[in-house]
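Quick notes on the structure that follows.
By written order: A, B and C. Residues from 1 in each chain.
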Amino acid sequence: MLIVNDLSVFYGKIKVVHNINFTIEEGSCVALLGPNGAGKTSTISSILGTVNSTGTVNFCNQDISKIQTEDRIKLGISIAPEGRRVFSNLSVFENLYLGSAIRKDRAIADNEIENWFNIFPILKERKDQSAGTLSGGEQQMLTIARALMGNPKILLLDEPSLGLAPMITKQVFELIETLKTKGITILLVEQNATEALKLADYSYILNSGNIVAHGNRSEILKKGDLMSSLTGVEN
Amino acid sequence: MIDYVVQQSLNALSFGAEYALIALGLAIVFSIMGLVNFAHGEVIAIGGYCMMVMAAIAFRNPIVIIIGAIFASVIMAVFLERIAFRPVRYADATTGLLTAFGVSLILQNLFLLLVSPRPIAVTSMYFLDWPIKLGSIRISSLQIFETVATLLAILFLVLFLKRSFLGIAMRAASLDFEMVRLMGIRANRVIATAFAISGLLAGIAAIFIIARRGAVDPTLGFNPVLKAFVACVVGGFGSLTGAVLGGFLLGALEVGMLVILPQSYGGMKDAFVFAVIAIILVWRPEGILSPQKEKGDKI
Amino acid sequence: MNIFQSSKSFKQAFWGATLLSVVIASIGVFVIFFGERYHLRLVYAAYVNLLVVLGLQVFMGNTNITNLSHSAFMGLGAYIAAICVTPIQIKKLSLPDAPWGLNAFELDALSSALISLTLTGFLAFLTGLVIVRLSGIGATIVTIAILVIVHSIFMHRTDIFKGKQAFFGIPQVFDLSSIIMISIFVIFVARFFRESKWGIQLRASSDDEKSADAMGVNIFKLRLVAWTLGGLILALSGICYAYYLGTISARPFYFSHVFLTLAMLILGGMRSITGAVIGTILITFGLEGVRFMETGPTILGLKFPEMLGLSGIALGAVIVIIMVVRNGGLVGNFEIEQLFIKTRKNI
């Protein structure tokens, strides 16, 4: 579904991702792991077209590397970004409402907002409250819900567990698990490699802008030393 | 004595209304793309010139002229965004500010070159202005129109920003523009809407300025925008509430200065007003109501 | 040389300034020998503008904060010097109602200039205390406030400044050769400041306030130094203006002059002194051409219409085009000596 080919990312003249390749099959959950500054967010941004990059990104048999960010979203790529970035001056409801921007079927979308409220009663309670007043965990739920409002073909999740208490983290991963069973294609970027490896069908390990390992969980876990040095996962 | 106070308060209100209208136009663009649009004055001026042209080619109906002027300002604002400000959209604030200065300079001189350096009479808006006597208070109908129109414009804007999809997107964009794009909402659409609204407000302002002055010249909008700019900063640049508040505060300040200052210092009103503004900025460098700085993350 | 981080910065600054001085001096000397009277005046005015642009560069170029009050400081410098130096007999005539005995004393040119520099510099320092604490747009607003305030004072205290009317009778102190020497001096000052520890730190901090904070740099103090130094140079430009023309009025110290000099600085590139000089030269010559067209000349038998406003359009276009196409200006961070000496990449 998503094929990244020879991708490099640049900030000015500095190259932070070096000619990487990876593939995400439809309906699968792929994890992108690596230490801080490895280039994970940069990779995601280049799929979205918000940074300078070279190489190609192929989505549903279409080269999207030259088209505008907005058009990529319209093709069905959705993002729950690092740091959540909820619109803190907007209400919870308005955040979700904006999430449905690319939908033509407004009425169904409105139903879905209700649906999300049922999944996260806390969001319903805070419906008219500004999103900035939510707790970190609630904001994360809102971010994921907002990203899903657009009915995406693929969901990019950038560090959904960042800064959350273990209990909440567990909830977030359960949510991702649910999404997976619903058949949504997911690219998951995570610091919490142990959990991510459990969830993902296939994983790529990124270090200093290079993919240093890839495979399914057991393949990755075999490379024990590398893993523990890069992601802290113990065998 | 009471009458005098009421009289001057009404004056302050209508002065303030004009500044608030213009300041809102500046703030709405700034809040979304961080551009200080100094060429806003010329968007007002184009409204004035449009009235002149329409009156000259024998449009008698004032409603038609009003609509034409507003339309011209909207078109001008959107056009400027398209040709001058889009290329500097993601540049830093200084680049945007200087570009706007350049645009303002070009337009002022174009008016001068194509029309005339001298003021040209435009009398079609005089019908808005007749004296009204309430007891011993004497005001002009124009003041009432101006205040009411401003309040209506603010109301309309609030409704738009709260209720419409694009309005909500614009509020979101003022906080995190890129995230709005990541929702699949076109940046061009949001920004063009912001400019269209600012043009609309400029057009309304143009009508009242012309109704009061009865003439149009190349610098018609420059001084009001200079003041409105100040109003924005005092209120907190980028905050729409701040712009309105700053506008009315400025109006009050100006009338206050006229009342307090002896006759011989009347000409120095601007100097005093700007001095007070500078002092306010020293006291509150981010403006009285500065917008929220932080993005929506809690880590 | 402890104002420099290394002897290399000093060398660069020295050679850069020297080369620019050669350019500036040769243009001036050429005009002195071959120009007509009418040229002399024009070229003198261009040198005054060069001083203004350099004064502007010292603050704007190093801090990246847009300043629009420079013409006001130039005006202050001009008027203060003019009031001190103009002979009593003339002042009794032109300023009969002047307060504080302003029309009852006269000083020699040097003392007048020193007084003007001191007072304007002090005013710059005071206003600077406010400006350096504000962020970009807020600071720009206050500079506009300064411009408007100073201008209304010039316009309405006619008993001191004569407003729109001419303040006349200022003795002619300078000629073209004096301003050439002053320009060279100021080029050195501006260039040395740019390459000094302070200049380098300022530019680093304007790129990234946080990291500068972390480096323990006191940005406010540095900005204040730049602002005050800029103010002094602007005062000097005003003095030079008054000391040659003999007559001044409030009009030229307002927005149109602000834009003119701003365009000069922006065109060349505000981050470099070379840029400031190149921008001034290009716009000065360019505008002469445009002004010629403005008057509706007949060229090759073709009669052009009178086109007032053309020069304003040209200036505006220069600003917009530079901002859109190349917002570092023509030369960006380049300085002239880099043509001859190899240097590490400049900040």
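Assume a residue touches a chain if its C-beta (ideal position, glycine included) is under 8 Å from a C-beta of that chain, and two chains touch if they have at least 3 such contacts.
Because the structure is a prediction, the values reported are computed rather than measured.
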| item | value |
| --- | --- |
| Longest centre-to-centre distance from chain A, chain (CA-based) | C |
| Chain pair, most C-beta pairs within the contact cut-off | B-C |
| Innermost chain, where centres are averages of C-alpha coordinates | B |
| Chain B and chain C: spacing of chain centres that average the CA atoms, whole Å | 32 |
| Between chain C and chain A, distance of the C-alpha-averaged centres to the nearest whole Å | 53 |
| Whole-Å separation of chain centres (CA-atom averages), chain A against chain B | 42 |
| Touching residues on chain A, where the partner in the complex is chain B | 48, 50, 69-70, 73-74, 79, 81, 83-90, 94, 97-99, 101-102, 131-132, 134-136, 139, 146, 150, 162-163 |
| Interfacial residue positions of chain B with respect to chain A in the complex | 165, 168-169, 171-172, 174-176, 178-187, 292, 294-299 |
| Chain C contact footprint on chain B (complex, rising order) | 36, 84, 87-88, 91-95, 97-99, 101-113, 117, 226, 229-230, 233, 237, 265, 267-268, 270-271, 274-275, 277-278, 281-282, 285-287 |
| Residue numbers on chain C that touch chain B, as the complex places them | 64-66, 130, 133-138, 140-142, 144-146, 148-149, 152-153, 155-156, 259, 262-263, 266, 307-313, 315-320, 323-324, 327 |
